[in-house]
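In order of appearance the chains are A, B, C, D, E and F, and numbering begins at 1 in each one.
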Amino acid sequence: MQILIINPNTTASMTAKIGASARSVANPGTEVTTVNPDKGPVSIEGFYDEAFAVPGLIEEIRKGEAQGYDGYIVACFDDPGLTAARTITDRPVVGICEAAIHMATLVALRLCIITTMQRSVAGAEELIRRYGVTDRCRMRWIEASVLDIETPGTDVADQLRSEVQKTVREDNAEAVLLGCAGMADLAGALTQEFGLPVIDGVAAAVKLAEAMIGLGLKTSKVGGYGAQLAKVYTGDFAKYQPGS
Amino acid sequence: MQILIINPNTTASMTAKIGASARSVANPGTEVTTVNPDKGPVSIEGFYDEAFAVPGLIEEIRKGEAQGYDGYIVACFDDPGLTAARTITDRPVVGICEAAIHMATLVALRLCIITTMQRSVAGAEELIRRYGVTDRCRMRWIEASVLDIETPGTDVADQLRSEVQKTVREDNAEAVLLGCAGMADLAGALTQEFGLPVIDGVAAAVKLAEAMIGLGLKTSKVGGYGAQLAKVYTGDFAKYQPGS
Amino acid sequence: MQILIINPNTTASMTAKIGASARSVANPGTEVTTVNPDKGPVSIEGFYDEAFAVPGLIEEIRKGEAQGYDGYIVACFDDPGLTAARTITDRPVVGICEAAIHMATLVALRLCIITTMQRSVAGAEELIRRYGVTDRCRMRWIEASVLDIETPGTDVADQLRSEVQKTVREDNAEAVLLGCAGMADLAGALTQEFGLPVIDGVAAAVKLAEAMIGLGLKTSKVGGYGAQLAKVYTGDFAKYQPGS
Amino acid sequence: MQILIINPNTTASMTAKIGASARSVANPGTEVTTVNPDKGPVSIEGFYDEAFAVPGLIEEIRKGEAQGYDGYIVACFDDPGLTAARTITDRPVVGICEAAIHMATLVALRLCIITTMQRSVAGAEELIRRYGVTDRCRMRWIEASVLDIETPGTDVADQLRSEVQKTVREDNAEAVLLGCAGMADLAGALTQEFGLPVIDGVAAAVKLAEAMIGLGLKTSKVGGYGAQLAKVYTGDFAKYQPGS
Amino acid sequence: MQILIINPNTTASMTAKIGASARSVANPGTEVTTVNPDKGPVSIEGFYDEAFAVPGLIEEIRKGEAQGYDGYIVACFDDPGLTAARTITDRPVVGICEAAIHMATLVALRLCIITTMQRSVAGAEELIRRYGVTDRCRMRWIEASVLDIETPGTDVADQLRSEVQKTVREDNAEAVLLGCAGMADLAGALTQEFGLPVIDGVAAAVKLAEAMIGLGLKTSKVGGYGAQLAKVYTGDFAKYQPGS
Amino acid sequence: MQILIINPNTTASMTAKIGASARSVANPGTEVTTVNPDKGPVSIEGFYDEAFAVPGLIEEIRKGEAQGYDGYIVACFDDPGLTAARTITDRPVVGICEAAIHMATLVALRLCIITTMQRSVAGAEELIRRYGVTDRCRMRWIEASVLDIETPGTDVADQLRSEVQKTVREDNAEAVLLGCAGMADLAGALTQEFGLPVIDGVAAAVKLAEAMIGLGLKTSKVGGYGAQLAKVYTGDFAKYQPGS
């Protein structure tokens, strides 16, 4: 089974970290490949970055289709481009936010997502609504840029620790979701320390993708995820034209 | 990896069919065991049957704990006893309705559950609400008892076919969920015939359980799924007393 | 008019207290009988206890049917077994959580349920969702076991008092619902002290049951509460078989 | 126990019919008085009529307060003026739509309101939303004015019969609510004929009001239903000034 | 273009302030007229005041219709009488709460309404629900009567300032809505000081009404806002009879 | 006042038609400019097309910022790129779907969007959810591609007519929203013919944008729409780097 994980930002060190997290949970028979686009933002922190991460993401999935991958993971907690990606392949495409939420609801009633910055809260709440957990999922945040999280020596882990503690006491949270692919390596230690599920979306998505592929589940081609209609794309984007 | 599937009704032929469906999708390294309680209803078709299926279900999970299973599946589309079961083990416990819904939302925007009888609709809608898909999931039904579905020569397959057709045309459904564990063997053929995902909850649950076990995900013991408090159970049920 | 109140746990002292609360509000023409099963948990504090309280509860209602009661009350704030109970009688069956919520919405816009323990919050929130008051009902909690509440000399009343104060100030609550049948005797004093409705579910349910019986209202036998289909129950539970 | 029922329109024949329906279910110890304002619309069929029914309704409740009634019922299915009425008394004030809905959810999972005219549907849906049953309550309609319903020899009963049949078959409705106080006398026959609860809001409200009064439940004076602040009302409405 | 703004309370100084706020944003070609009824409450602070503000409001709109206004604004943040008003004209009728909310959602994801008193919160939450922003709108409050706000030398501005600060920090609010027409003159300064949109509903409604009139948009006469059916109104209210 | 309307597809004839619709409702003092990107899809019919329409859209808004426009309209009914666009300007950015919905809720209680193709329904429902009208908005569809709508001699108008008729009769719709910018020229005739508001999103957005600009309303820079953080964009997209 071959899974392609696309880190939709262009920071190779984060791609590597994502790959490590993914491989640490992948089945023996699963071959995980990680890539990132060569175009677009070095980190995704808001709607604008998302918009420019999507074309590169799509391009990587199109390349993946040519190479015959069995499934895809979009490794950014904003789940950018997920719906578009699903129109170009019938193979499973899994976002790490949705993966974390699905897994979490199977082991806990009340959830809390801890995201990187206050400014990311409102955007993440749109996802919470889309995934149907508004009533049971709180948002909390630290203050650290995505690239800070990559940098050794910051207090990111301490900030996370403090928010986990608060959400258990004040919000009755029963599981915590780490709101950034870059936090993947902290999930294990926090789970240990606090004795409750602290979920990394990358790992969750790898296991979900394996499950879907193993099940032979394909993206529906009836309705919203149907194959894109043939049409002309002009200018710089002609190369992305459906069918091209 | 050892997964115990409990058919919470007492009909062994259905347990066997569930086992066949489960094994057909299980990973090579997964050992699937199927059981059904020796007490309770021969089929589960409503709230009353559910109530008397739960103690036997719990008993099987308690036996499973003694034997060291890695995870459990409750193989009835009403997801009976799921919350209770989660309090007695930190191993994943997956219901087949929730499994089917989670999987379906990863490949389709609009869903339809086809259940066995009109009288089951209102109950199933409670689950739809709990799982957060009220806005995107329709219910349809055929008219066949759970044991009819087990019986060769009925028109169950034809009735299902007719409802699948209607839900695609009239409800814009993009994926169909088979609302009874006994329909497991029909998912493949319907998927083929209609060219859209027709999901059997048993198979979906096996793959989700494998995913959760592989991820090392444990049921949260903080909050609603916390270990049952020690206390006395009297009479016939003394043997189910927490800690006994 | 004869109403049977089932305390679904096996603690007779709590059954007695429930009876006292019920009789203090019952109409002169209402004969209130209280029972508790002889099997099952001594207190209900979570999903597991609920599961083992239901068969005994059902048994008491079946006995009640043989004796011709006009209606039934399930006297535990988790409303366990309510849906199952409704399938075996067309007489009204009222839960104390739902009774408290219905009554409260008739006299207040914003509600607060004060439950016994933090671990009960997530479960109670499922009921809030089912009864359609998610947007207007907050949860608070003290830390006391159900049996503590039965014990003289604890600080339960003080803890409740403190939470009532907080919910009025911080949550804009206009009515308070006592989240445990064992708190029934405190409703009057708290109502007095704080000058807002503090509702005991037992008393609320008695009055609602009287209302429904007086109205001649029967549980619908069309759909989800329809009479259980005839079928075999095996083993220990054969005696609960529909029609038996 | 003295209950004042206000028919908020000025049609005395409808007031009489409401009174008959109310008395047919009232407890022996309940004295039911019915009134209607001497000002305002002869029937209430939309937002405009509602607006001019409310002052007369309030006036009747204020008179009632002077006479010491124990509780009030607003006998129009649009529940006009309910929130205003609750600010001028701490006695229970019950609307017939809310009463019917509360009662119905205690005996059925899925509901259908049959209203008088298509143009009333959107307004009634606002109430459905307010009472938290959007997900479980359908609207249907006949085409008859409120005064038609009062007139012998119309086909109102036949139209209702036809909609009850349709809602059971097509909407899975388990209980039907008659969407106009003027339909009160048809509830019994329809219940008989169709074998499911067909609920008249007037009767439901009488029993709920008795229940609340018997319970000693008062409208909360904390928050939105708090006593109106003292202030000047000018012109024609000076007589309605709080405290006047 | 001629817009009639009705301040539904009878305090002329507030009407004047509303007019000033309205004219400061109106287009050059827009002629704004402000009126208040000569009957009813001097301020609107709850459901009771609302009920007695509506007839006067309707009367002013009926007079407006005779004079040929192009649109109407109801200048009280409780949006009283909005639905009734829409049945008597096909010209746009805009409430200032709904106007503020619509405008706010176009420039911000998370909102906060700051209202005058804690007792107004529950009522305003009904509007939040009706306008579909429950998930994204918080309520805060100061403690000041509507007429206090009119009085120079109070600490209303300071209280507002303090709540704006808190909502940005604690609630992640991105825009603030001033919950009383009397606060209109403070919006500009607060916007400046806090660097986020602080929206006055009066100004928002003027611009929305101009937009609707410019678009030729008429209130739908199909369904709930359809012209009131002809019928008799008795007593004091005969003059409000539809068609009179 | 200068408004820039961006047709996010690359079909100039549609841009022209949008411009005509916009100018037909713009205020005399409003200068409307229309553009379309030189890169991307010739029509937007699904998530994939959307993804590749956004960069060109952003580019046009960035050019617009350099030229000092007062506000922007995104003229595609899927509201693509709206959130991203709001991060690069504090000037109002209005989508035509949201504009149509906001306007419609001011004149009608129940809405219906008629979209171009069945496959567009599920995507549009995501918008309906985001804009808070799930409970009051139905979807219907014809079967015509976006470019068909541009082509004279098709039966698009007849198909629309038929769906308007059905939605009024069967769905109780009170206002209709045309679900494609290309249908702009049909709104007037359909409004005439059916006597209810048939809303073109382009015209609605022009008037809303004028309203917001006139009000001095700016997009909040606190939270989700805050200015994009400075960072490196690599490859083809370096030119879109924030600050570049």
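As a working rule, a residue touches a chain if its C-beta (ideal position, glycine included) is under 8 Å from a C-beta of that chain, and two chains touch if they have at least 3 such contacts.
These figures come from a predicted structure and were not determined experimentally.
S.K.: Among all the other chains, which ones are in touch with both chain C and chain D?
M.R.: Chains touching both chain C and chain D: B, E.
S.K.: So which of A-B, C-D or D-F matches C-E, with over half of the contact pairs the same residue numbers?
M.R.: D-F
S.K.: At the place where copies chain E and chain F touch, is the share of residue numbers found on both sides over half (same) or under half (different)?
M.R.: Homomeric contact, same residues on both sides for the most part.
S.K.: What's the rotation, in steps of 5°, that superposes chain D's Cα atoms on chain F?
M.R.: Rotation angle, to the nearest 5: 120 degrees.
S.K.: Centroid of chain A to centroid of chain F, CA atoms only: how many Å?
M.R.: Comparing mean C-alpha positions, chain F is 29 Å from chain A.
S.K.: So, what's the distance in Å between the C-alpha centres of chain C and chain A?
M.R.: Between these chains, centre-to-centre, one finds 43 Å.
S.K.: Provide the C-alpha centroid distance between chain B and chain E, rounded to the nearest whole angstrom.
M.R.: So the centre of chain B lies 51 Å away from the centre of chain E.
S.K.: Which chain D residues reach two or more other chains?
M.R.: Correct list: 86, 109-110, 118, 121-123, 126, 129, 134-135, 172, 174, 223-225.
S.K.: If two chains touch, include that pair; go through all of them.
M.R.: A-B, A-C, A-E, A-F, B-C, B-D, B-F, C-D, C-E, D-E, D-F, E-F
S.K.: Quick one: in the complex, what on chain D touches chain E?
M.R.: Interface residues on chain D, with respect to chain E: 10, 37-43, 45-52, 54-56, 58, 81, 83-84, 86-88, 118-123, 126, 129-130, 145, 147, 223-226, 228-229, 231-238, 240-242.
S.K.: Across the complex, what residues on chain D touch chain C?
M.R.: The contact residues of chain D facing chain C are 25, 27-29, 86, 92, 94, 98, 102-103, 105-110, 131-135, 168, 172-175, 195-197, 199, 203-204, 207-208, 210-212, 214-225.
S.K.: Would you mind writing out the residues of chain A in touch with chain E in their complex?
M.R.: 118, 121-123, 125-126, 129, 134
S.K.: So in the complex, which bits of chain B are touching chain F?
M.R.: Spelled out, the residues of chain B in touch with chain F are 109-110, 135-136, 172, 174.
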